[in-house]
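Naming follows writing order (A, B, C and D), and every chain is counted from residue 1.
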Amino acid sequence: MIYQGKQKIWADYQKEIPDDHWFYVRSCIRQNFFPASEVTMLKIFREMLGKDMYETPHHTTCGGIAYHNECIPQETQMAIIARQFALMTEAGYENYTCSCITSFGLYCETIETWHEMPEVLERTRENLWKACRREFNIPKYLAHTSDLVFKFRKEIGALAKYRLVNKDTGEPLRVVEHIGCHYAKMFPSKGVGGAEYPYVLVGMAEEWGGNVIDYPERRHCCGFGFRQYLVRANRGYSVSNTHKKFESMEPFHPDFIVTNCPGCPYFLDRWQYVIAEQTGKTYGGNGQGIPVLTYEEMAGLVLGLDPWDIGMQVHQIAVEPLLDKIGIEYDESKKYEGTGGKPLPEPEFPAAIRCC
Amino acid sequence: MRERFLIGFDPFVLPFMLGMAFVLIYCIIGLIRVILQLPKADRRKLAASLFVPVNALRNIRDMFLDCLIHVKLWKRNPKLGYMHSSIAFGWFMLIVLGHVETFIYVPGKAGLFYYPIFFRYFMQMENYSLRGSFFFVAMDLFLLIVLSGILLAMFKRIRKRFFGMRRTTRLSLTDRVGLYSLWAIFPLRWIAEGFTAGIAGGSFMTIPINMLLKNFMSNPENITVAWWMYSVALGTFMFALPFSRYMHIPAEILLIPMKNAGLKVYHPRKGFALAQIYTCPSCGVCIDACPMSASRQNLKDTTVYLVRQVKRNNARRMNAMTDKCLMCGKCQEVCQINLQSYDIRMRIRERAAYNVGLKYDYLDSYKPVPGKGKVLYYAGCMSSLTPVTGRSVRKLLNAAGVSWTQMDEGGGICCGRPLILAGRRREAADMIARNTEIIEGSGASVLLVSCAICYRVFKEEYQLKGVKVMHYTEYFNGLLEEGKLRLKRGDLKYAYHDPCDLGRGCGIYDEPREALFRVGALAPAKQEKAMSVCCGGSVGSLTLSDGDRAAITQASVVNMLHSGPDRIVTACPLCLKTYSRYSPVKVVDFAEALCDGLEK
Amino acid sequence: MAKDNVVVIGGGPCGIEVSRNLRDMGYTPILLEQQSELGGHLRQWDRLFPEGVDARKVLKELTSDLRGVKWFTDATIDSIKKSRKGYTVNVDSGMTFESKAVILTTGFKLFPAEKKEEYGYNIYERVITNADLEEYFRTRKDSRIQDPKTIGFVHCVGSRDEKACNRQCSKVCCATAVKQASEIKELFPEATVYCFYMDLRMFGRSYEDMYLNAQKKYGVRFIRGRVSEVSEDIDGKLFVKAEDTLLGKPMKMKMDLLVLMTGIIPGESTAQYSEMLGIERGEDGFFAPKDTILEPCRTKDAGLFIAGTCTGPKTLPETLSEARATAIQVHNFLSK
Amino acid sequence: MIDFGYSLSKSNALKIENLDDSRFKALHKLEPDAYKCIGCGSCTASCSAGVFTELSLRKTLLSLQRGEGKGYIDQLQSCMLCGKCMLVCPRGINTRHLILSICKIYSVEQ
């Protein structure tokens, strides 16, 4: 691919991101899939970069999953979002950031709808008032947390203890970046770098020494696709999509995959095991898979945080080979120690794919 | 007259004798093979026919007229006729007279093959006798006739047009050997007899030879040399004969009784077919006749060459050539031995390995519109592409007040002929069966067909109980004669094209012309009736490309325009469609033409 | 000073435009038209694609100012003789013209629809051609058009068809079909209009808009499939057979009116002039220019020019600009 | 192997680059018109057998070209070889021989 060409496109999709005072909203499923990621994110921003990240226990789901499964109507879902915004307004913030791509997409969609149809906005205000006597302002700035990490990639790079470089060969690591569909595919202008060649993750990986590879199916969905996964009968379709991506990236021998969406890391990670079971095929070196990281995890690693503290042990695919490549020290014995002396249950390891 | 040598033998006769023996053995074996190959029934038929006096006489007559006189060739072109008969008949007479002489003068030697042939060498003249000089004159006369024939033959090689031929056959190697040795035989005989004319006597041909350089010729060494050459020429010819086109000389003698016994071709290269193959003299008359000769590259696929390939049993070429053929049947029409090339090709196609797993189980689902008409009209597949045909036919039927029903309105079942032409007779049976069911069930007494292709198959393959199959040319002509249909004569000139399947296929030539004559004048084509030229659209050909067909059609159109018609009329939707692509004048369907004569 | 004569043969739009331009350059164009009026096929047309400009208006514009152009109608060429000086053109009426340059703008001929028998033109009551329809648009008179409910347009009649001895695309029929489909829908809003096409060649500027309009505004239904045969029903309605190739299903539908989009083929005179003047012709029968790209208006013969649809199908604007280009070419030749 | 209650679904994308067109090439040798089709559908529309069956020469030819073929070839079995398609084809393709050749090469009988 012609790098300069991509740069031109990236130049067209710049996004204004304020550098402080954020109202932070978590993602429902990430707290179950990779709970440490969000913690790491806050840690980096609050402690290392000294930013103001406000978080309230009162916030709820954005209603996205229910909405995309056609369980709740748009009106309801708008009311839920309105309430989130109300919380922000009450807390005196106007920059809104969320850790979930589904939410991010939905916020964009909703705000756009209100923008196009003021009457809908009015109805939403009424509904919210009727429901819980709250009022809200539309956020001045809306960003996904990956946008923030992107914005501060240089600062993080400066603090970094490791670089995304193979310590033996000195070669940059081959990184596959995977963007959540709802990040920019619906509103290209809302994503850093647009929808075709999103720059948000590329920026981080390259800043931190990695080398992003373009493979034919890079645009393709991870396979989650809400109903495709949530309805069991459709899961074959879900895993087939993931399979397609791996088949397509395999010849490039990626060292790891980095994602910015709740579902993607989960499915790219877990489905590798299912594919191994069903086809006997694994995509990493010697019977192992390709490690899949969230961008927070990637940031955490280069900053030299303890892999076990940022939750690398909850991955299906073993991350140790990656850690070794980069040269990150870690204590294998502490892997399942857990925080606060509360040990984690040790998983049983499948035969189809090497997970340690 | 008395013998010159006590032992009536000289080594120079050996080449001839060997050749003779070889030919005889070859022919006898061949004969036996052919006879054995015949199916039992045919063999009986043949044997029986030989003892029917009428037949026996016919055989003899045909042998005389065809083998010796070549009557057909005379009809075609006198020069060509003379050339062939002079050689064939002249040579025949030389042999006969030679034998007669031997019988008269040396009956003892009559048993020897060579004696009559080299008579003049072995004999010595003592005194003139009227009888002797008669033979001298006769023999020289026939020699002269043969030589004239040979001379023409040589001339034909350079100027074939002189004999009314545009193209002749490319000869195979053995053909050439045969040809040149044949040419050599008679001049050599002339010289040889010339040498001995001083001793054995001679006449106006041989004596003069002897006169010039007398003492050179009276030298015995030189004499034998001359006779050696003569004998060698004969021998060479005999050895070449079975492998050359000259095999037709003996083969025709077998073919004639077979034909007269009315045998049918049941296999492309066995029995009856084989006899025909060997009888083909590759005269090449079929090359000019073939519509494909319109484009050079197809010449090599004409019948005469097919025969050669069949002889060699070259399956690949046989199939390729057969698949290309339009099956218009013209080559058969012009053929001197009327080789049944159509049947031979059909047999080849029926054996061709197209793995078509054709299945027609769906045909029963076809339920035509029931009608009470006495006349059942079957337009055929093609007619739906030439709507004018059906429309005109209906017009005429109504005008004549006939009660009719159309069988295949909105699509019917194909008649089966295209399939049969593709050699899939077995599969076609299904369609024929279903159509028969429908037709017989319709209660009509006449099946009216407006397509020559369909008509032929209805005639040849269907057994329709109580239903008369009629082509619309016959039928409407009938109506006109009975006065049921009245037409006004206009002042248009119509050139009628005989569709292959209707004309050569079913022998219908006059009805359409009579009918057309009631609506206008006839402008005959250059070649018409049995000689008509295929339009090039024939479904008979499987492999001819659109381009090849174009050339054929254009040539055929030119033929139709010979006497400046206002309209080209054809009685087959396929010809209609094909012609209208290239014809400068309007091409109309037969029925459409008749409609010109209807009161407006 | 009066510059020399230039004989222009063929008084269609191309011939007229060449003459006007030559006149403006000071030449004396002699425009010869064999028919009794100038304008060629444009005379039979009602409106022109893509904007639907009135054809009469265009023709009026073209013929409004012919001052300085010597034009003759009913003028059939007897012979053209080439001499060292130039050409001698003899007209059957006895007139003779001398000229250094001759321009052939002899135009085209519409494919005779009856040659495609399976479509039954002149056999079935309700089958008409694009020309007939234009005639109807102009006069509103045609017994065959009686408030049709279903109307079909058959593209590529006599174009892109080996069986019609014309392999070429006629270029303008697709646009015409879409135009006419929309127009007829305006006249009969209740009717359902179908276009049966092999490929829709909307190559010109804003043709695509016209196409979009036909779909959006007029709801014309486009079926990708060539009509293979037409038959007539008792009630005079037409049975049309085609395959919807995108759906992969054969279809048989009843129609009240079928319009055949007859294509563009060389005019009769093309052959005769190539005989007379030894101009080469392409396989398609149109005049073959000296160089299809660099010298599209010239023949091997320096004084002999060819322009317009006698060198292949063209739209009207293309024809007119070629006419102007030719005028300049002629000027360059004469002022050498 | 564990049964998850679902499994990888086969991709229905046409693997055009790795299709085996050797047989189609052979067909083209046998009938040079094999590549000339522009898919106008005239043959299918006018087909005598098509009135009763699914037969579509256009579809069959196209699918064979794409290496798909399966199922389509059997459709040819209902062809009556009547030759109408040959008359209507705007490309002048020798359809009858094309059909026979397809049968020869993709041998329906087997």
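Here, a contact is a pair of C-beta atoms (placed from the backbone, for glycine too) under 8 Å apart; a residue touches a chain by one contact, two chains touch by 3 or more.
This structure is a prediction, so every number in the text was calculated from the model and none was measured.
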| item | value |
| --- | --- |
| Set of chains adjacent to chain A and to chain B | D |
| Distance-to-centre winner among chains (Cα means, whole assembly as reference) | D |
| From chain B, the most remote chain by mean C-alpha position | A |
| Euclidean distance of C-alpha centroids - chain A vs chain D, Å | 48 |
| Rounded Å distance, chain C centre to chain D centre (Cα mean) | 38 |
| Cα-centroid distance, chain B relative to chain C, in whole angstrom | 52 |
| Chain A and chain C, separation of their C-alpha mean positions in angstrom | 63 |
| Sites on chain C at which at least two other chains make contact | 118, 162-164, 229 |
| Set of chain D residues in contact with two or more other chains | 46, 87-88, 92 |
| Touching two or more other chains - residues of chain B | 384-385, 546, 577 |
| Chain contact topology (line, ring, star, complete or other) | other |
| Complete list of chain pairs which touch one another | A-D, B-C, B-D, C-D |
| Chain A - residues contacting chain D, complex | 232-237, 239-240, 243-244, 274-275, 277-279 |
| Chain D residues within the chain A interface of the complex | 1-2, 4-9, 11 |
| Residue ranges of chain C in contact with chain D within the complex | 118, 156, 160-164, 198-199, 224-229, 241-245, 248, 250-251 |
| Touching residues (chain side chain C, partner chain B) in the complex | 115, 117-118, 120, 123-124, 162-165, 229-232, 239 |
| List of chain D residues in touch with chain B within their complex | 31-33, 46, 48-49, 51-53, 74, 76-84, 86-88, 92-94, 96-97, 99-100, 103-104, 107-110 |
